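Two complexes come next, and they have one chain in common, subunit A, joined by subunit B in the first and subunit C in the second.
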Partner chain A sequence: MAALTMYPENERLAGGNRAAFNLYVISAVALFVLMMLLGLIMRMGQATWLAVQPDLFYRILSMHGAGMVGTAGLATTAVMWFFLRAHVRLHLWAFVTNYVMFLLGAACLIYAIFVDGYGALWTFLYPLPVHGMGLWSPDAAAVFMLGYLLIGVGMLVFYLDAAAAIIKVYGNLGRALGLQWLFRGTIDPDHPKTVVASTMVIISNVLGILAGAVVLVMSLVNAFYPEMALDALLAKTLIYWFGHMYINATIYMGVIAVYALLPRYSGRPYPISRAFLWSWAVSTVFVTLVFPHHLLMDYALPRWFAVMGQLVSYGAGFPVFLVTMYGALTNIYRANLRWTMPSRLMVLSLFGWAAGIVPAILDGTIRVNLVMHNTQWVPGHFHFYLLLGVLPMALALMFHVIGQRAGALPNSAADRLGLPVYLIGGLIFTLAFLDAGHLSVARRMATHLPEWTGTDKVGSIGAMLVVLGMLYFAVRITVGLLRAPARGEPDEGPANTAG
Partner chain B sequence: MILQNLVWTIALAGMSLVALGFIHVIRQAGKPADDVATRKAAHTSNVLRRWLFGAMLVIFVGATWATLHRFPIASQHAALDIQQVVDVTGQQWSWQITPNTVRAGSPVEFRVTSKDVNHGFAIYAPDGRIAAQTQAMPGFTNKLVHTFTQPGTYRVMCLEYCGLGHAPMVSEFTVVAARGG
Partner chain C sequence: MKPSAGRWCLAGALLWAALALPPVRHALESAMTLHMLVQIPLLALAGAWLAQGTPRWLERSLAAWNHRGISGLLLASLAGLAWMLPLALDAALNDPWTELAKFLSVPLLIGAPVALSWPRAGFVVRGIVLLELIATMLRLGWLYLISPERLCSNYLLDDQQRLGRMLLVIGFAVLLILVWKLMWGHVGGHATHDD
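Up next, the complex of A and B:
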């Protein structure tokens, strides 16, 4: 086991690395704030506190969905890059290419939505993009899809560079996943969890992005040659394979921060185990197969497909989830954990993931899906683990990094206030969605029935708190990143050696 | 208890349990243990892990059996031999439902399709809660079988986003009391 150093030399950010990391992080936190404001506008529109015309609402919803998913991908890619480059040689150009492609893609999305009127949402479910009924043209849809393709190509460049670098060190992806130790052998205690998780993400997300590329190209062809009609169900299947995988990958990239940082803050080693390797190996397979649970209400699909959807969504996230919860919680239990921003955010992220999985699994059950599908239960469960799980993982790394710049682990009075505001707001906001789902409030509707506005109002209040909290984080992180690095280690410095 | 209320109760209970577990660990996280206590904690957590794993397995198998042994979706390919058949077609942005009166107490087969884009055919009971739903997809006909118990006016709403008129894409049908009921 390597000694626990708070800021090891091989994670140092200097020169181009520092500039690239700052670009990623500052863009991500700024985009999070902006997209959250769009979310707040929608929520207040549903609550009838704001007049939002339906066509504007659906364009905002398209922007919020695509923008948030993309930004979550951007932020967690920075997490993966930050830790992976300590173990293998990543090329800075690949990391930067991904960023540039992201910006180009984002520009296409913004143009398609706010200039060309695209409003067929982030899932571009065929054939709606070419059926705008005069609100948007197939050309607008084409620009939107082109934006996705650009972002996807950027991700592929980053992943392929990472895959090549991993193979160079470990021989092949299987050995990087630790498959050779599943049944026998002594596990190399220094085999990095970062490499295991990164490899899983590369395999599953590359497959997902390729599925996305296929359906994007098919849809683009159809946009220009309408006579080449697509099979609606096939298109939907591919779209959800891609969409679900992409957003799921953010949690598996984000959790790398917890694996790498938690032991430094608890002062206790967090060894790799056979259970850990098994969980990631199993999830690599399952996570790629979990998407059918979006299709439970498509009765035309064969029955085994729906059953697989239910079984796999019970089982998919579970191995990694259980092993991570168990490992992380025993790591901090009666340790000498230092309660600073990074450690608080990590514990919050574990809670968000653990609690968010409960409503998710329930909805993966066919019988439940029959009455919960496409109600606000769905945004309820995913906002739960995105807002309170994925974002805190990425924020933990960001605070960790600004701690080094400042020369002290971040723990100001404002920090101690900002986090509860975010947490309480997040709980109110997401529980209001779940309650709405339980009351059969439909998702994705610009206007709500009068009897639905109660949860809309509660949700809006929660959302305001979340926006305030995130705004504070964004400013704090941006300022923290832009100051000159402090000399040497912060006071509490090297390792947390107690315990 | 209707299904939604049951699910909401399970979700709240499950999430509260998770929260309690976290509160417990958080309260202990800053209090370093000595060696003996550490060993004891490691032992307890090992036992706990086995129980947790066992419980998960039981819940997993139990829930799968309980929710699937009578498959909740009607067979799509075999003929169903159901007397009451309702044809449903969605289009941007209205529903066509024929006939639009059915009888409670015996099963109704809804044959649901779409003329243009994807729609969601959701039946809202008079109490405002969803009773059942299926997708309305161009090129496919999904069969939804449901037996109504309560007579009354049922509202149909679209649950798959289909463009500007999605939210107002609402219709109704009537369920009359069962014969002799």
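Up next, the complex of A and C:
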């Protein structure tokens, strides 16, 4: 069993690694603040507190959706890279290529939306992108889709480099997932959970990106040759395979931070188990097949497709979720946890994941989906698990790293104030969405009926608090990363001594 | 040049010549499916075998321009792009000069560069090429199936749609083989990683 060193030597950031990590993290936190501000503008517009024209609303919504998903991918890729390089040899050029491609892709999205007026949302559902009704041209849609392609190729380069490195050490992806220990054999206690999770993400998200690469190019063909009419349902299916997988991968990349850091803060080992390996193996298959739960209302699809969407929906998230929750809670139970920002954020992320998954599973049930699918219940669910689940996982690593730079684990009075502001704001914001869903408030609407604005106003107040909290985190993390590293190990506080 | 290279080179030349024989050429160009899925891949294979006879000095000087096989694979992709266009297939049937261009460019600009570049390529480059190949087959298959009209004036719509279905099947088959190999197979050991 590996020793519980707070800052192991093989995770040290120096030279190019440090520069690249800083670029990822500082870009991610800055983008999170900007995208949250766009979200706040939309909620205030719906609340009638701010005049937002519908055409601008849909452009902002397009930017917010694509930008948030991309930024969550960027931040959690940094998490996966940070921990995976301690076990296998990753190449810095692949990590940097992904960053450069992300920036190029983001530039395309920004140009398409704010210069060319694209407003057909992140989903680019055929044939809407090429029917801008005078608000945007097919060229704008093409630039938007080109941006997605660039981001996808960058991600692919990073995943392929990671796959090559994993295969070099473990022989193949099956062995890296620990499939050889599913039924028999003594599990290697040093087999890294980081490798298992990374392998699962590589397999499932490469398949998702492949689906995206097919439908994006086909949509581009249609943009330039409209006579090549696509099957709208097939295009939607592939888009949701790609989109769902991409955003789902962020939680599985982010949770690596919990696996790696939680034992260091609790002072207790977090051993690998057969149940853990089973859960990740099952999720590898199910997460790849779960996307039809976005298509439950598409009656023209085969019945078995909808049934698979519902059944797999129950099975995809649960195994990893249950095993992680059980493992994490038993790890911190009576462990005299060192309560600093990273550990607080990790516990928050477990809550966010646990609570955020409930509305998702409900909405993945056909009878519920029939009523809730086009209501604000859906943004309520994914904002819950992204804002209070995925983002805190990435933030936990960021605070952990700045703790090393500062020479003390982050736990200032401002930190202790900033986190509750973010948490309370996040809860108000997401519960306002869920309540709006309960009240049948339609989602993706620029203008709301007067009866709907109550939850919009409450949600706006929550969003303001979230932006404030995130702004504080962004400044704190950026300043922390840019300072010179402290000499020696940081002061780890009186509670536990890791090692 | 390896000792067996001469034999491969000869096999490549024979295959190329056999494909150029009028009865073989007419037979393989009689259907769009045969044209695209048999004749063109065999021409590329002939080029790959011919490339085994590349002299060491030429291979060394080409290598300087072919870092990790990227230039060669890019050249092959661009040449392949041209021969994926139905317009190019049509032109090859209608115009002898275009036919000659096909018989020269597919072996020399697709088969040979791939043969010279693939061993130099690392896991990431190979991965991107294979995934793009799969994606291209799926896209082309889809396009041939949905096109409301004949894309090649020399071939019938049902032939075009048959080609579309076969491209989809081949695309999925290659994907399954890749997934299987990566999950359970032995993946080339130390040579796989771009060190």
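Operating definition for what follows: the second predicted complex is superposed on the first by the 492 of 499 C-alpha atoms of A that agree within 3 Å, B and C clash if a C-alpha of one lies under 4 Å from a C-alpha of the other, contacts with A are read in each partner's own complex, and residues count from 1 in each chain.
As a convention for this text, contacts are C-beta pairs under 8 Å (C-beta built on N, C-alpha and C of every residue); 3 or more make two chains touch, one makes a residue touch a chain.
This one's a predicted model, so the numbers in the text were calculated from it and none came from an experiment.
In the superposition on chain A, A:Asp231 makes contact with both subunit B and subunit C. Contacts of A:His91 after superposition: subunit C is touched, whereas subunit B is not reached.
Of the two partner chains, neither subunit B nor subunit C is touched by A:Arg416. Within the superposed three-chain model, A:Ala163 lies in touch with subunit C and out of touch with subunit B [touch as defined at top].
Once the two complexes are laid over each other on the shared chain, residue contacts for A:Arg12 go to neither subunit B nor subunit C. Between subunit B and subunit C, more residues of subunit A are touched by B.
After overlaying the two complexes on the shared chain, residue contacts for A:Val347 are found with subunit B alone; subunit C is out of touch.
In the superposed model, A:Arg483 lies in contact with neither subunit B nor subunit C.
Overlap of the subunit B and subunit C interfaces on subunit A comprises residues 231.
Put simply, subunit C touches subunit A in their complex at residues 122-124, 127-128, 131-132, 134-135, 138-139, 142-143, 146-148, 175, 179, 181-187, 189-190, 192-194.
Taken in their complex, subunit B has these residues touching subunit A: 3-5, 7-8, 10-11, 14-15, 18-19, 21-22, 25-26, 28-33, 37-38, 41-42, 45, 49, 52-53, 56, 60, 63-64, 67-68, 71-76, 92, 116-118, 120, 122, 124, 128-135, 137-144, 157, 159-168. Residues of subunit A that touch subunit C in their complex: 89, 91, 94, 153, 156-157, 160-161, 163-165, 167-168, 171-174, 203, 206, 210, 213-214, 217-218, 221, 227-231, 234. In the complex of the two chains, the subunit A residues touching subunit B come out as 54-55, 58, 119-121, 125, 127-128, 131-133, 135, 231-233, 236, 266, 297-300, 303, 306-307, 310-311, 314-315, 318, 322, 326, 329-330, 332-337, 339, 347, 350-351, 354-355, 358-359, 362, 365-368, 370-375, 434-435, 437-440, 442-448, 451, 498-499.
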